[in-house]
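Structures are listed in the sections that come next.
In the two assemblies presented below, chain A is common to both, partnered first by chain B and then by chain C.
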Partner chain A sequence: MDRKLTKKELLKLVEGLLSDFEVWAPAGNEKVYSFSRIEKPEEISLGYRNTVTSPKNVFFPSGETVYRLMEGRPATGEASEKPKLILGIRPCDARAFLMLDKVFGGDIEDTLYTSKRNKSLLVGIACNEPSSTCFCTSVGGGPFSTDGLDVLMVDLGDGSYLLRGLNGRGNEIISKCGSEADKASLDKAESLDRAAKEKMEISFKPPDSLESSEEYWKKKAMACMDCGICAFVCPTCHCFDLVDEGGCKKRIWDTCTFPLFTIMTSGENPREERRDRIRNRVYHKFSWFRQVHGEIACVGCGRCIASCPAGIDITELVNGNNK
Partner chain B sequence: MSAIVDELRKVAAGLLKSGAVKVVIGYENEAAPRPVFLENAEDAEKLVWNDRCFHNLARYLNTTEGKAAIVAKGCDVRAVAGLIREGQVKREDVVIIGVDCAAQTESGEKLGKCLVCDCHRPEIYDHLVEDENALVEPQTDPYGDVSEIEAKPVEERLGYWLGLMERCIRCYACRQVCPLCYCKECVAEQSLPKWLPRSPDGKGNLFFHVMRAHHLAGRCVDCGECERVCPVDIPIRTINRKLIRDISELYGYKAGVELDVVPPLTTFKPDDPEDAFR
Partner chain C sequence: MRPTNIFIPTPARVAGIARETPDINTYVFELEGERFDYLPGQFVELSIFGVGEAPFCIASSPTRNGGIECSIKKMGSVTQAAHRLLDGDVVGVRGPYGNHFPLDEMEGKDILFIGGGIGMAPLRPAIQFCIDRKEKYGTILILCGARTPADIVYKGELEEWAGTGDVYVTQTVDPGGETPGWKGRVGLVPKVLEEMRPRTENCCVITCGPPIMIRFTLEALQGLGFHDEKVYTTLEMKMKCGVGKCGRCNIGPLYICKDGPVFSLKQLKEIGAEI
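== the complex of A and B ==
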């Protein structure tokens, strides 16, 4: 189903959604946008490009309570009456949730994640202007990709939006708003899609096997400072640690780039060297996840490239010396 | 190619060729400079210099193997001096290639630290790459922002910081990038005893930052790297600069300027100002 909405009609739609869903959307000041809980439609900013942090915090927040120690019973995460709806999610981030679903929703279900993720709705916004660090088209996605979305919105540039329902639930929420999309709008969306793909500055074919020499990774990792930016802004990185805090067992984000990530009680640390840590992050995404789940665990959002304090670029690491 | 870059490359190539150093730490990639570690004289051609050479390369001095030469701006040199002073690096093991620096800029605007910079020419160096145009006067009151926040009532101040700290995701980039934050095990990660929560929330994050700032009191050189790298744009420099000003007012001391002055917080004198214990 394709509907055409004016900005005003879109705000009205959001207004309506707010009564049925817990709505999360990009909001913030000029510099820092992140996915936040929305109370009023005006709080939403759709004009941003990629938020600094990914929306993974909606289903996988850092610092979440796993259980309360004294009460001795598991908390099923924050019990939310309403299902969650993420509005204005980029296609890359929506694909990332399909990957997290495989991790947290596999044979052993992670109910903290799935209790929030099940019944959620994703209303995406197509990227008319990809950022210079975006490379979704190289890893199986695209600026207008609909994977994982229930509705895709396209900013038609003239103050109106095209909303495309992608399944029953998506159609249901948009069926009563705006008007049926005319042919001109559909054509416009198609040409915006083509133009966006042409604007992608980074394009490559991920190699089947990555560089493996110790020398290579040592060199590439030299500038790394062992912080957690790349993993914490990444929509697909999902490692966590468990801590006892405030009478609760909580889980917090953790990452293989932290030197303490692999340390054992004996003091032994199998990944003591920086080269091994960086290699691990890239191998996990571009090799091991691919072997286990059949796809690359990087959606090309480019956040790690944009935020790395040392200027490390994951596409260079992946492409080795051939680039 | 500018005369500065030319000179830089010549010095670096010379040091590598003669075997005076094992590695030269500098910047590569003209469009978006980033750290590079050169081991061969022929690679000196990779070095670049412009107003986007943000990184304080002193961060890498205690992680590179062997004797190193480092390309350093005035503020970076202060960090090198701090590391020498604190016994992390031996003076004879580092060759400082100082570069006169007018300012580093982000989207055409000078960084906050550069507006108030009083070390456009490095204070300590082995080689100096000169640029007369870089020697500009500081432009603004160096502590204007600190005074502004200090003037607010306590409640409001707390609210201001908690509001900002809510955003912190505990990626620890601010700490990792800091040349003076070289502890092998940070208080933030100690678990026996555990000093502060690791799950990110406003109060815990503020605790972490206040703790960090205090551990850097009298040591922070205001290179601004912590603030630059913060992905969620928390003005960390402001906290550190409050302490920089206090240390300067209380003890008349400035970190990273002289190698042979004992930092006030590492020593005790009977007549130390009581105000330090307010």
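== the complex of A and C ==
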């Protein structure tokens, strides 16, 4: 189903969604956009290229309580929440959730994640203007990819939006708003898609086998300072720690690039060397995840490239660019 | 009812504490509520509430129908807190996790168990399991090494096992660790193993111990002519979740907590694990 909405109609749609969903959307100013919980439709800013951090925290918060201790035993209060809806998510970030679904779902289900993710709706916004660090088309995605989305919105550039329902639930929420999309709008969306793909500055084919030499990874890891920002902003990174804090068991984000991540009580540390940690992170995304789940665990959002203080570019690491 | 959230442990009560060595105690934990089925080689995540959580192999056999036993060496914050536990205290147990020793495939065969120090803990459930179903197994050889006689775990049980028909126990301590009155062997485990010259025919091996011992023991086993697919050991890595999600314990695409911790020497060579 394709509907055409004016900005005003879109805000009205959001207003309606707010009563049934916990709505998360990009908000902020020109410099920093991030996904926030929205109370009023006006808080949403759709004019962003990409948010600094990914929306993974909606289903996988950077810190969350696993259980509280009550009289020395674990107790949980399973609050029934409204289903979550992410509005204005980029196609790359939506694809990332399909990968996190594989990690946290599967034969041993992690209900901390799935309880938030189940029944959620993803209303994406296509990328008319990819950033210079974007490379989604190299890793199986695209600026107008619909993978993982329930609705895809396209900013038609004239103050109106095309909303494409991609399944029953998506169609349901957009069916009563705006008007049926005319051919001109559909054509416009198609040309925006083509133009966006052409604007992609980075294009490569991930190699089937990555560089394996110790020397290579040592050289590539030299500039890294173990800050972990790459994992922090990454929509597919999902390493975590479980810690006891103030009478609670908490789950917090962690990363395999931190030096103490794998240290054992005995003092032994299988990934003590930085080259082994960087190699582990890149291999996990581009080789091992592919072996286990059949796809690369990188969606090409480019956040790690944009955020790395040492200028490390994951596409260079992958492509064996031996500079 | 087991909690639906996989990270919430089942409360368990300390129902017994045995002092094995100056720094190793064996605890019996009685689970409150539903008990779980497990097999030798599997492990649990043990929570000392308010302190932390750490993985421990289940050191008792399901054939004994008792509680879950764990032998804990005083090392870091969790294990030190464990050593302060008293009878009746409540801890948390999640599990069982990981794969298990292929004791079903080993039926009809001789089994050689080689353990060093606290490495006897993962072997104990397998030894108990085989002794309890002795009719299904051939000769059982147990080689148990420790730094000094005082560091030997399961001392009474080793005597008991040695008194069982068709079960042979060899104990050894590191050179220099022997004390007056020590009746066992003196020598490092791999050396004693070579001197024992065990028959390789129709024999499987399970070995656990400190990394350095494992490395030389695996070498010795290969030298004696044991095939890689007949030799099993367990790998140890830092773990948090126990279910292959937190990203800590991988070697390549394998998560030691989920795809291990038991591996054959053949598998170890295939995944390129450092041993």
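A few notes on this one:
Note that the second predicted complex is superposed on the first by the 311 of 323 C-alpha atoms of A that agree within 3 Å, B and C clash if a C-alpha of one lies under 4 Å from a C-alpha of the other, contacts with A are read in each partner's own complex, and residues count from 1 in each chain.
Note that in this section a contact is a pair of C-beta atoms (placed from the backbone, for glycine too) under 8 Å apart; a residue touches a chain by one contact, two chains touch by 3 or more.
Small disclaimer: the values here were computed from a predicted structure and weren't measured.
On the superposed chain A, the two partners chain B and chain C both fit, without a clash.
In the superposed model, more residues of chain A are touched by C than by the other of chain B and chain C.
When both complexes are overlaid on chain A, the residue A:Lys249 reaches chain C alone and has no touch with chain B. In the superposed model, A:Asn118 makes contact with neither chain B nor chain C. With both structures placed on the common chain, the touch criterion links A:Asn171 to neither chain B nor chain C. Applying the stated contact rule after C-alpha superposition, one finds that A:Ile108 touches chain C and leaves chain B untouched. After overlaying the two complexes on the shared chain, residue contacts for A:Thr6 are found with neither chain B nor chain C. Contacts of A:Ser307 after superposition: chain B is touched, whereas chain C is not reached. Within the superposed three-chain model, A:His284 lies in touch with chain C and out of touch with chain B [touch as defined at top].
Residue contacts after overlaying the shared chain place A:Cys227 against chain B, while chain C stays out of touching range.
Put simply, chain B and chain C get as close as 7 Å, counting only Cα atoms, in the superposed view. Chain A uses residues 241, 243 to touch chain B in one structure and chain C in the other.
Residue ranges on chain A touching chain C, taken from their complex, read 66-67, 69, 72-74, 76, 103-104, 108-112, 238-244, 247, 249, 251, 254, 256, 261-266, 268, 270, 280, 283-284, 287-289, 291-292. Only residues 31-32, 34, 52-53, 62-63, 222-223, 225-229, 232-233, 241, 243, 245-246, 250, 252-253, 258, 260, 274, 307, 309-312 of chain A touch chain B when the two sit together in their complex. Of all the residues in chain B, the ones that touch chain A in their complex are 29, 32-37, 55, 59-60, 63-64, 167, 169-173, 175-177, 189, 197-201, 225, 228-229, 231-233. Chain C contributes residues 3-9, 11, 47, 49-54, 75-76, 79, 90, 92, 211, 236-238, 240-241, 243-253, 258, 274 to its touches with chain A in the complex.
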